[in-house]
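Below, each structure is written out as structure tokens.
Both complexes shown next keep chain A, but they swap its partner, so chain B is in the first and chain C is in the second.
Let's turn to the complex of A and B:
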């Protein structure tokens, strides 16, 4: 995470150029926690536990029980328990740039609260559900099926919390007069949060394009989300880089 | 993509505009419009695929929709767009009073759309035709619901345009054009939705 920062040679004679006195150091740490966090997430969710792409909501009970009791799911839950604390750090890099915008602080506070509630429902709830299945083998199949439903619905169907967070982010970009982030990124963010709202039907149906592993609710939203995440990350990088030193005086 | 959007954004205020012709409104809005049309196009392709898989179900369900309100709503949006176009032309010509009147009428027609939608949806939902009924009704409510969100945003943008025309002595033409661009997109999307969901046999 901080490997890139730590390799910068220290020069005692010129303290002004030392990495420790870099006024953007806090922002860069928050920034580089994002790829670390997402790579870890990708590894845990896809090749380790195969929690993603989502398993079918109408899987037969024996398959659900096998999944909930699998060792890989247990290891995944251990890593997630330890790593979830990185979410606040990685969200800090967005908030510090939003703070520079000309818009009302209400946008920043909405983002903060949206990120918090989103993390509780979308990250902690699933972790508890899958963790209970993995760490407590005594539960009956009916309870395990419920935990499986609960975990996936919290993970995929809870996006309303993140929706408000990114709505505040998108609107802040569009209304900002300091041009901290490009205006088109604000519009891109609108598509991103609208497609998150599209996940609402996962509560209603268990198969087809609107189930939690469906074409409309998962795959289209995922394509938009992943490309958006890369682009927003690139734009934040440019924004931190272009931030004038005079702002820190 | 990023470079293209930035390049054109920088070019709009420069002399490039005269050489290549005028880009109405802000270029970031065109980025939004084109992207939004692409996203809806992907949804439409998905709809057509699942429709071909369950043709009978879709045809039977489609017959239970209220085509009359759908048609009236189409007329509402088209009329609204007509007034938006004439209002924009008036604003360009410097006639703020006419522009304001045309935009206010356009807003009234646009605001009728969600009201009529309520009269369409409430009887359907109380008759048991909810998104959980079958795949067709899921598509119907999700796609018209997404479109309704666009209409709501469009009405908010129209309020900003009307305020701009009403309060400032020199109205910002780029804002008027941006609002008009967005509203025409809402109109185009509805035309495709109406054809796909209500009319196609």
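Let's turn to the complex of A and C:
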């Protein structure tokens, strides 16, 4: 990752100089922390804890209890509690480009609050629900199944904090007159918003395409989200790279 | 623009700290810190026997939970004065403060909930107590990143007359190392890393206390040196 920080800024038009004196070093550090964070995030939720892909809401109770007792949930919890502070850094990195747009600061303030609330209800709280089950194996079945439901519903069914983020981000791109990010990205972001609406039925149904592990609410939303995340990341890269030095005070 | 507002906000920190110290010494759960090895019945008995103390401190902490936010807000303002290409670390810092403070409030709620109706099923009282300790001790990730963001903004500051001396940045990096062990309290029920152990509990709280004190003086100095210079955060 440090190699990226060292080489990327040199590709600009300015003469090659030490990466340490690059004016955009702060933004590049934040930018390269994003893949680091998402890799850890993926590691925690997929191969380490097997929380994802989600287990069924209608799993038989003994299987839920078995899963809630797995020791790996605790290790996943530790890694997440150490790493979840990096989520604000990636949000801040994206926010810096929204700040350059011609739109009101209200857009980035909305995104900021969405990021704060989302980190707790969509990341830390659900992970702790799973971790608590594994921490004290003596809990009754009723407690463990409640933690299982609460963990999955908070993780997949946290909607509003992300709605406001995608809405503010998409609108800011579309309304921006400085062309910081491409307009089509703004329209693509509307799809992100739609996936949050589509996930609302996870609070009602326990099987089928609209359950929390369903084809529409999880897999379709995940495919849209992952590709969207990659594209946004690439667009942010270009935006930082193209930011003229004359903008800095 | 004068800095009177920032100085007023800064001076709200010492009374806030005094109230936190009072809450710490008055909280039955911390003297000594409850062992993670207690059974649900023992935990329930403890909560039944200490309702007044636990509930009183929960209410006090509910009221003062956000009382250090002004100190962090002034930190953010001073960070935003550093000469970097963007306030990216300032924004990350503010988001981290919001997330970390919420985790503390959730811990407070869980202890308050357990004491509110102490005759609940001991399993549930024990769950609330475990959840409170998780939220109180483990989520060190945000304050670690917060202090790293602060340190980076000091290191990258290209002003000829830096806002903070470099040792404050080194100090913030050191606190990151001392706070990290708290995350491992999830893995152990006894020993130095357990939530009542010397590394997860004592070292972490001591580091935090020293950190707040040092930052208070560093900020006071930075604000006094700001003079008439405008702040460009937005």
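Observations, loosely collected:
Rule of thumb we're sticking to: the second predicted complex is superposed on the first by the 233 of 249 C-alpha atoms of A that agree within 3 Å, B and C clash if a C-alpha of one lies under 4 Å from a C-alpha of the other, contacts with A are read in each partner's own complex, and residues count from 1 in each chain.
Keep in mind that, in the parts below, contacts are C-beta pairs under 8 Å (C-beta built on N, C-alpha and C of every residue); 3 or more make two chains touch, one makes a residue touch a chain.
What you are looking at is a predicted structure, and each value in this text was computed from that prediction instead of being measured.
With both structures placed on the common chain, the touch criterion links A:204 to chain B but leaves chain C unconnected. One of chain B and chain C touches more residues of chain A, and that partner is C. Judged by the touch definition given at the top, the superposed model places A:194 against chain B, while chain C stays out of reach. In the superposition on chain A, A:132 makes contact with chain C only, while chain B stays out of contact range.
In the superposition on chain A, A:124 makes contact with chain C only, while chain B stays out of contact range. Of the two partner chains placed by superposition, A:230 touches none, neither chain B nor chain C.
Once the two complexes are overlaid on the shared chain, A:215 sits against chain B while remaining clear of chain C. Across the interface of their complex, chain C is touched by residues 23-27, 29-30, 74-75, 77-78, 80-86, 88-89, 91-93, 95-96, 99, 105, 112-113, 115-117, 119-120, 124-125, 128, 131-132, 135-136, 138-140, 143, 243, 248-249 of chain A. By the touch rule above, chain B contacts chain A in their complex via residues 2, 5-6, 9, 26, 28-29, 31-32, 35-36, 39, 42-43, 46, 50, 131-132, 135, 138, 142, 146, 149. Those residues of chain C that touch chain A in the shared complex are 39-40, 83-96, 98-99, 102-103, 106, 123-124, 126-127, 130-131, 134-135, 138-146, 149, 152-153, 156, 158, 180, 183-184, 186-187, 232, 234. Those residues of chain A lying in contact with chain B across their complex are 182-184, 186-188, 190-191, 194-195, 197-198, 201, 204-205, 208-210, 215-216, 220, 224, 231, 234.
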